[in-house]
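In the two assemblies presented below, chain A is common to both, partnered first by chain B and then by chain C.
Entry: the complex of A and B
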C-alpha cells in the first residue's frame, strides 16, 4: 500500500501516512491526489508565499513502471503567479525515485528559517542545512548534492537564483534540464527556504496484474515504435517539427502576438537545426526521446546545451522577433540554470519589447538596453536580470500582469495573459480550440490542460470521426471555426486529467494520439488491480470530479466566469497577414457550449453538478463561503 | 559466446533496459535491480554497462566462496545461495558490470535472461543493444 510523506520545515518534523484507499479509488493518483489534498489543506486566506501554502508532489499508478513515458510526476500548490490553483509537470528521473523510496506523494509544509535541503534516503528523511548550496544554479546544486552523498545515482530537484529571489515564474529543475516550468512553484520552494530535494530509493514498484500489465506495456512500446507521426519528435525533438508545421499554417505567435507568421522561423525548422544536432536523450522510461542536445557555434565559443522545446523556441524566437538560434539556446539554458520558466520569461520580455516599440518605456527605463524587436543580446541580458531581480528585471520578475499593473501607462493593453499567467505560445486565432483551452484552463493560460490537435495542421479527420462521430466533420477539424470545439476541448480536458493522474507524458497521448482513454483505463486497472478503473465511463467520472474540484478551488479563491477570458488582442485584433489573415476568436460561442457540456450554468458551479460528480463536501464548503 | 553488445552511439539514457531487466529477474520495477545499467553524464553521455562474460572473469577469481562460476557454454553465473554479499566481485570487475542487489544483498549480473529472449534487447527503443558474439562485431563493422 502507498504512503504519503509529510515534511514540516518550520517544526523540522516529518511523518509518514498511509495512502487512503478512498483517495486512490476516487482520484486515481497524481493530479487527482493533489487536487483533493490542496483543496482540503490550503484555504482561500493563505498567501502563496506564506508558510501556510503547501507544495504537493505526487506520482501516479504508472510512475516508475515499464509503461512508455512513465517518468513524469507533478506538483501542485497555490501559485504565486496567478494566486489560484497551480499545477505543473516534469519529466526526468525524480518522480520514479520518490516512488522507489516508498512515497506516492510528498507534502512540504511550513517554512524553514535558514536555507535547507531535504534528503530522502528510503525510510530515512533528513532536513539538512543548505547554506553552501544557496546561490548556486540548478546544475551545480545537483552536482554538489551528489558529491556530498557520494552517489551519482541520486536524483535531485532544485531551484536556482530565480526561486531564491521569488521570481513569480521561477521553476523547479530536475536532472539538469527537466523543469516543473509553469505557475512559479519554484518561488514557493524559495519562500520556504527549501533549496533542493534529493532522493534515493531502493524499493521496487509492483503492479497488481503482472501478466496483463507487461503485455499492455510491451504492446504500448511497440505502438510507439511503429507510430510514424512520432518520427519528427524522435529525430528532431518537439520544436523543429512544430515550428515548421505552425509556420506553414500561420499559427506562430510573433512580436507579442501582433501577428502569427515569422518568416525567419525557418532558421529553427527541421532542415536548419540538423546542423546543430549532437545527441538524443530521454526521460525515464521514454522511448520517444524528444530531448536533444545541440551544439551551436556562438560569438563566445561553442555552446552545448539542451535544445529548447517548441514553447521555449517560440517564446524567445518569433515572439521576440529573434532569429538567432544561438541566443535562443543560451536564453533557454540560462533559464534552466537559474530555474525560471522559459515561456513566462519570453512572454514578459516580448511585452517589454512591445512597450518599447510603442514608446511606453524608454532606453533609460530599461537600464540602457536597446529593446528593439529582435535584439537577441538584450533578450539574453534581460533573462539574467530577471533571475537576479536587477534593475528592470525586478519589474519583469513579477510576471507580465503585475508588471503591467505597476508600470501603468497603458501597458496593460499589450499584456498577454489569462488569469495572470503569461500566454503559452499558441493563439486561438490560428487554432480555434486553443482559444477556449487557454481561457478555461484552471492554472491560467495553458495549452496542456486540453489541447485539441484535430483542428490544427494535421490530417486527423479519421480520429476526429472515431471519437466524436462522422456528423461533426468537417467543422470539428476547421482551425477557424467555433463549432463543436467545446465538445473536443471538454473531452480532451477529461482525458488529460486522467493522463495527469496516471502520470504519463502528453506526447504519444495527445500528439500524436497513440494512446487514449481506453488504453489508460486498461493500464490503470492492470497496475492497481482496481477493476472499476478498467471501465472507460468510470475514468470519465473520475476526470469530471477532478476538473470540477480544480474549478472549485479557483471559485473559492474568488474567480468566476468573468476570468475565463483572453486578452483583447486575441478577441478583437484580426491577424494582419499570413495564412490566418483576418481571424479573431469568438470566445463567447465556445464558452457557452463548454459551460453547457460541463453543466456549469453561465460558468457557475452548482450544488447539483458537484453532487453528481461526488463532491458534496465541496459544495457544502463553497455554500458556507457564499461562493455558490 | 554471444553476450549483450552495445553498438552504435544512440543510447538515450532512458533506462528502459534496466527496468525490463529488473522486472524479468525480480518481478518489480526499479532500475537499481537491473543487471544492466546506464551511465549518464552531463552534457551528452549515456551508455549502458553490462557483463562482458569475460573469458577470464576477474569477478570469478575474486570470489572467495566459489559462488561465481563459468559455465561450459561461457556464461558467467552467480549462485545466489552461495553468495555472501561481500562485494569483492564488484570491486574486481573492471567495467562496473556486476553489483550487489540493494535489497537482497547478493551479487547480480547479466545472465542473458537464462536462455529466453534478453528483455533489454527486446525493449531497447533505439535498438542499440544486441545479443551477439564479440567476434562477430568486426565483421558487422566492416560492412557498414
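Entry: the complex of A and C
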C-alpha cells in the first residue's frame, strides 16, 4: 500500500500517512486523488495565494513502472490565475523519483516565513533554508541543489523569478526544461516561500500481477514503435509536424486569433528545423522521445536551447506574427529559466500587441517598446519584464483577464481567455470540437482535457466509425460542424481523466490511439491487483466521478454554466481568409448536447447526478452552501 | 495543365522539397496526379496510397485549394489549371 507525504511549511513539520484504500478504489490515482483531496481540504473562502491553499503533487499506479510513457505526474491546487480548479502535468523524471522514495502523493500546506526548499531523501524529509537559492533561475537552482547534495542524479522541481514575484501564470520547472506549465501553480509555490523540492528515491515500484503487467507493457512498447503517427514526433518533436499540418488545414492561431493562416510558419516546419537539430531528449520510460534540442543562429549569436512544443511555438510565433525562430526559441528558454508558462506569456503579449495595433496603448504606455506585430525583440523583452514585474510587465503578470480589467479602454474585447486562463493555441473555428473542449475545461481554456482529433483535418473517418458508429459519419469528422461533437468531447474527457489518473502521456493515447480505455483498464488491474479496474465500465464510472468532482469544485467557487463560454471573437468574428474562411463557432448547440450527456440540466449539477457517480457527500456540501 | 503540390511534415523529407509543380492533362483527377507524382517520388506516393486497392490510406490530409478531397470526390476529384494540392501526414494534437 502506498503513502502520502504531508509537509506543513508554517509549522515546519511533516508526517507520512497510508494511502486510504477507498481513495485508490474510487479515484484510481493522480488526478483522481488530487480532485478528492483538494475538494476536501481547500474550501471556497481560501485565496489561492494564502497559506490555506495546498499544492497536491500526485503520481498514478503506472508512474515509474515499465509502462511506456509513464514518466508523468501532476499537481493540483486552487489557481491564482483563474481562482478555481487548477491542475497541471509534467514529464521528466521527478514523478518516478518521488515514487521510488516511497510516496504516491506529496501535499504541501501552510507558508514558511523565510525561503526554504524541501529535501526528500527516501524516508528522510527536511525543510532546509533557501536564502542562497532565492532570486536564481530554475536551472541555477537545480545545479546548486545537486551540488549541495553532491549528487547529479537528484531530481529537482523549482520556481524561478516569476514564481517568486507571484506572476499569476508562473510555472514549476523540473530538470531545466520540463514544466508544470499551466494555471500558475509556480506562484502558489512562491507564495509559500518554497523555492524548490528535491528528491532522491532508491526504492522501486512493485506491481501486483508482475507477469501480466510485464506482458502488457512489452506489448505496449511494441505498439508505440509501430504507430506511424509517432514517427513525426520521434524525428522532429511535437511542434514542426503540427505547425505543418495546422498550416495546411488552416488552424493556426495568428495575431491574437485574428485569423488562422500564417504562411511564414513554414520557417519552423519540419523542412526548416532539420537544419537546427542537435540532440534528442526523452522522459522516463518513453520510447517516443519527442523532445529536441536545437541550435539556431540568431542576430544575437548562436542559441542552443530546448525546441519549443507546438503550443509555445504558436504562442510566440504566429500569434504574435513573429517569424524569427531564434526569437521563439529564446522566449521559450527565458520562460523555462524564469519559470513561466509559455502559452499564457505568448497570449498576454499578443493581446498587448493587438491593443497597440488598435491604439488602446501607446509606445509610452509600453515602456517605449514598439509593439507592432512581428517585433520579435520587443516580444523577448516583454518576457523578461513580466518575470520581473517590471514596467508594463507588471500589468501583464496579472494574466490577460486581470490585465484587461485593469487597463480598461475597451481592451477586454481582445482578451482571449476562458474562465480567465489564456487560450491555448487552438481555435474552434478551424477545429470545431476544440471550441467545446475549451469552453467546458474545468481549469480554463485548455485543449488537453478533452482534445478530439477526429475532426482535425479529415483523416480519421475509419477510426471514428469504429468508436462512435458509421451513422455519425461524416458529421463527426467535419472540422466545421457542431453535430456529434459533444459525444466525442465527453468520451475523450472521460478517457483522459483515466489517462491523467494512471498517469501516462497524451501522446500515447491521442488519435489514432495507441492506447485507449480498454488498455488502461487492463494495465490498472495488473498494476494494482484491484480486479474491478479491469472492467471498462468501472473505468468510465471513475472517470465520470472525477469529472463531476472537478465541476463541483468550481461550482462551490461560484462558477456555473455562464462560465462555459468563449471570447466573442471565436463566437462572432468569421475567419477572414484561408481554408477556414467564414467560420465561427456555434457553441450553444454543442453545449446543449454536452450537458445532456453529462446529465447536467442546462449546465447545472444536480443531487441525482452526483449521487449516481458516488458523490453524495459532495451533493450535501453544495446543497448546504446553496450551490445546487 | 499545371498543378502545384505542397508537401508538409515528413513528406518534405521524402520528396526532398516542399513544393512540386506537376503537369497533367485537361480534366484529369487527383489519382492521375498522384500516379504522375509517384514516378518522380515513389516513396511519397507509396505512403499515401494503398498498393493493393489504389485507394487513399486512412489518416492523411489531402486538401484541394484548402478543402479536403475526402469531402469532395476523394481521389476521383477533378482538377483545374493552377489548382493547389496540399498533402500532410497524420499528425494530431495541439
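The criterion applied here is as follows: the second predicted complex is superposed on the first by the 625 of 628 C-alpha atoms of A that agree within 3 Å, B and C clash if a C-alpha of one lies under 4 Å from a C-alpha of the other, contacts with A are read in each partner's own complex, and residues count from 1 in each chain.
Methods note: a residue touches a chain if its C-beta (ideal position, glycine included) is under 8 Å from a C-beta of that chain, and two chains touch if they have at least 3 such contacts.
As the structure is a prediction and not an experimental result, all values here were calculated from the model.
After superposition onto chain A, the partners chain B and chain C occupy separate space and fit alongside each other. Of the two partner chains, chain B is the only one touched by A:203; chain C is not.
By the touch criterion stated above, A:434 is placed in contact with chain C alone, chain B being left untouched.
After overlaying the two complexes on the shared chain, residue contacts for A:284 are found with chain B alone; chain C is out of touch.
Shared-chain residue A:425: touches chain C; no touch with chain B.
Once the two complexes are laid over each other on the shared chain, residue contacts for A:242 go to chain C alone; chain B is not touched. After overlaying the two complexes on the shared chain, residue contacts for A:65 are found with chain B alone; chain C is out of touch. Counting the residues of chain A touched by each of chain B and chain C gives the higher count for C. With the two structures overlaid on their shared chain A, chain B and chain C come no closer than 19 Å at the level of C-alpha atoms.
Shared interface residues of chain A (contacting chain B in one complex, chain C in the other): none. Of all residues in chain B, those touching chain A in their complex are 10, 12-16, 19-20, 22-23, 26-33, 42-44, 46, 102-103, 122-123, 125-126.
For chain A in complex with chain C, the touching residues are 228-229, 231-232, 235-236, 238, 240-242, 244-245, 247-250, 266, 269-271, 274, 310-311, 424-426, 434, 447-448, 451, 453, 456-463, 474, 478, 506-507, 510-512, 578-579, 581. Within the complex, the chain A residues that touch chain B are 64-66, 93, 96, 100, 139, 153, 176, 201-207, 210, 214, 218, 221, 224-225, 278-289, 291, 293, 304-306.
Residue ranges on chain C touching chain A, taken from their complex, read 6, 8-10, 12-13, 18, 58-61, 63, 66-68, 70-71, 86, 88-94.
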